[in-house]
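So that we are looking at the same thing, I have put the structure below in structure tokens.
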Amino acid sequence: MTLKSTTLGAALALFVSAGAACAEGQLNIYNWGDYTSPELIKKFEETHKVKVTVTDYDSNDTALAKVRAGGHGFDIVVPSANYIPIWIKEGLLLEARPDQMPNFKNMDERWVNVPWDPGRHYSVPWQWGVSGIGINTKVYSGDINTSAIFLDPPKELVGKINVEPEMNDVLFATIRYLGGEWCTTDKALLKQVRDKLLEAKPKWLAMDYSVTEKLPSGDYAAVYYWNGAILRARLKNPDIAFGYPKEGYPVFMDSVTILKDAKNVENAKAFMNFIMEPENAALISAFAKYANGIKGSEAFFPADMKGAPELNVPAEFEKAGQFLETCSPEVSQLYARIWTDINK
Amino acid sequence: MASAAENARRDQQGKIRARWLLSTPALLIIFIAAIGPLLVMLAYSFMAKGDYGDVKPGEFSLDGWFSVFLQRDIFDDTLTLADAHLSILWRSLRLSVITTVLTLALGFPTAYFIATRPRHTREVWVFLVTIPFWTNLLIRTFAMQQVIRNEGVLNTLLMWLGVINEPLPIMYTDWAILFGMVYVYLPLMVLPLYASLEKLDFRLVEAGYDLYAGRLAVLRRIIIPLVKPGIVAGSILVFIPSLGAYVIPRVLGGGKNLMLGNLIELQFGAGRNWPLGAALSITLMALVMVAMLFYVRNASRAGGGHG
Amino acid sequence: MARARFDIRSQPGFGTIALFTFALLYLPIVTLVVYAFNASDSLSSWGGFSLHWFAAAAQNQAVQDAAWRSLIIAASAATMATIAATMAAIATTRTPPYPGLGFKYAFINLPLMVPEIVTAVALLIVFARVKVWTGYSGLGYLILAHTAFCIPFAYLPIRARLEGMDQSLERAAADLYAPPWQVFRRVTLPLLRPGIIAGFMLAFVISLDDVVISEFVKSGGQDTLPTYMLGQLRRAVTPEINAIAAAFLALSVVLVTIFFFINRKEA
């Protein structure tokens, strides 16, 4: 029986140690996929002697659902601006007071008194950007500063389009394309929105996340996607161009927040302070190619980001960009149902 | 004498009790981590949905089940069939049936080929089928992706041969899912078919030829009826996982061509409708059970001769 | 004379289809492995032979952690499943039918019949609640879930072996006044060993392969190798993933080969 009892003992020991392993010196980050700089994580691990794990999610709703279900084991989550009020209202976030941290002095004033977290009591900016059009100019050479690229696609692009699967960004672009305002409850207009999307969707190839590879490789000819990813695609294939939909395009900011039931609060706070250091913020941007909210970080940017058309909005399109506010629960519910209708 | 019988009976009962005791760990683990949760899910399908996922515990509602089949239009409140869900259900059924037929079309000749090799090489052929079978499903799906993508092996080859001028857009279509499922589940068809064919008594085939039956007639009238249990077993083994496929459509379907498994996942994530997800899961299980019943009935009619 | 040459076993075209099937089975795997040795960082072009991506994968901390975690889970789950399955197999074979026997068969084999995605979401529901109640969110949940679906796989070969064993040796030992425990240890267990090894290996491979259930049960920082790969597949795929997959593939092939030879020796 010795063999059997030793294996049993070993299994039990593993069982117990697996539970004890998540004690000190850890930090569990829950972030968007392909968004976290490995260099930043390595630097944080080395300076703070902490073991960091990063788990990916693919949409605000997925993250919210997983964390709300409980027992998730995460310390940090990075929701988008329009979801932060929901996270706060649902009592999921810790009031970590980043505004009282030493490195808060580096924060760009523009991002301090934001509507979703006035005075920054909960969150620290991670990155911000816009959703726009990415095009392979070899395939299509017409006007690209329009949502028509994916809502009324020219025939060269039919069947070669990828659209980000983020409900709010897609609905926003469609509502503005049809002349409405965000959070509208105008049913006649919303019906048009649904019908427009139902008509456009068969002309898309995918609603997926692999733009940084499949746009440059030619698998996609056009995308409605986030600017940083399109910049990364352009660096691999110079035929890629970026367009700002003149009808209206969403601006997003994802912010680092600490969860109320985090097990490693001190490490999480240290991380918040850490990323407000300009040099570290620049590491975040250097990886995913989005802007961050920290003054002076541009000085540390890699050369390929300086003056990039994806990051510098031309004056004529500046007005079309808009932060999505959080709509009322009823409106959100209505939008969610339209989205389900489209996703059949 | 009476007490001896009594003793034997008591002894017998003690043995049965010991056997129950011995099976307790297995039954308990399966109950805690498989059957119990399924029962909880059944209960969840009858609760009201929470605002951001989860359910409102204890609040009874039939909405979950209602919306599996029916939907209320957002704009004019009319009640219609839930074509969103039904079309996904239909796609799942259709793709699963086609997968089963295709794996059978490829698997039968393959199994037959293996079964008619000399004894010592047979094992090697079977081994060659088992290797992909034991390879991680995700890895095989990923491998298929590299074959069918626009710049993958298949398109490169076809363009090099001059069959096509532009790459065939296979990725992110139903075709991609179908390719993936046929590839991944093919060994599940070949192995049971081989088990049946290996036992095939070729004297019966010979008798058929002696009676001047043609090759096709022998195949249709003698071989296929004899290995029917293997055909049914293989079909079930392919059909059931195809119906519940999740990884293959997720990786090859591009988030646009959902199957039932993905629809279920969607409800527990971004869809925030757990009762509907639970009801859809139970619907899927019911479909699987129907397929199983069909199998059990066929197998018993065939005299349980399958191996 | 023509009749003598006529091969009753051959069916026209079957050999061709069979060879096509084998090509189909191996083409994707071969492609995957070949590209793992690609020096270029894109999957679209060949840049020469290199072990670069294997080195990159081996140095990737997330990959190391996930691989280690997968092995811990597979070893623990396969061990527990094999012990439970051995006990259950002894309790359900070589016996006249007794009340509840059919129920036990059905119960033990049920995890084989429920689609994985269904079990996965059911576990998500229940474990999320339990994690909140107990405050424990370690690997135990993954191990428990894996144990449950590994039991039927471990059970099958053990039961098959037991059914093929006759009881005369055990009776002889008992006749020589060996206590039941001694009989089990000295007679039953050694005879049963090949079945137990086969069951353990099956359970181990099945646990190592699982994606869906792990994906839904895992907590923060608990990626296994397959769930890590699933996350990576959604975006920029580098040949590093090919390298991981190729290494994983090699491990599976080794295990299956060992399994194949054990079975062959016993047969």
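A, B and C label the chains in the order they appear, each numbered from 1.
Operating definition for what follows: contacts are C-beta pairs under 8 Å (C-beta built on N, C-alpha and C of every residue); 3 or more make two chains touch, one makes a residue touch a chain.
Since we're looking at a predicted model, the values are computed, not measured.
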Contacts shared by subunit B with subunit C include exactly A
Per the contact rule at the top, check every chain pair and give me the one with the most C-beta pairs in contact.
B-C
In whole angstrom, the CA-centroid distance of subunit B from subunit C equals 17
Separation of mean Cα positions, subunit C and subunit A [Å, integer]:
36
Set of subunit A residues in contact with two or more other chains
69, 208, 217
Pull out every residue in subunit C that's touching 2 or more other chains.
43-44, 80, 83, 124-125, 127
So which stretches of subunit B touch two or more other chains?
149, 151, 268
With touch defined as at the start, can you tell me which subunit A residues reach subunit B in the complex?
59, 61-62, 64-66, 68-69, 86, 90, 159-160, 162, 165, 167, 187, 190-191, 194, 201, 204-208, 217-219, 329, 334, 336-338, 340-341, 343-344
Touch list for subunit B against partner subunit A, complex
50-54, 74-75, 83-85, 87-88, 149-151, 169, 171-172, 254-256, 258, 266, 268-272
Considering the complex alone, what residue numbers of subunit A touch subunit C?
1, 4, 7-8, 10-11, 14-15, 18-22, 26, 28, 30, 33-34, 53-56, 58, 69-75, 208-213, 217, 232, 236
Interface residues, subunit C side, partner subunit A - complex:
42-44, 62, 65, 72, 75-76, 79-80, 83, 124-125, 127-132, 136-140, 143, 185, 219-223, 231, 234-237
Could you list, by residue number, the parts of subunit C that touch subunit B in their complex?
6, 8-15, 17-18, 20-22, 24-29, 31-32, 35, 43-44, 80-81, 83-85, 87-88, 90-92, 95, 98-100, 104, 107-108, 110-111, 113-119, 121-127, 144-145, 147-149, 151, 155, 205, 208-209, 211-212, 216, 226, 229-230, 233, 241-242, 245, 248-249, 252-253, 255-256, 260, 264
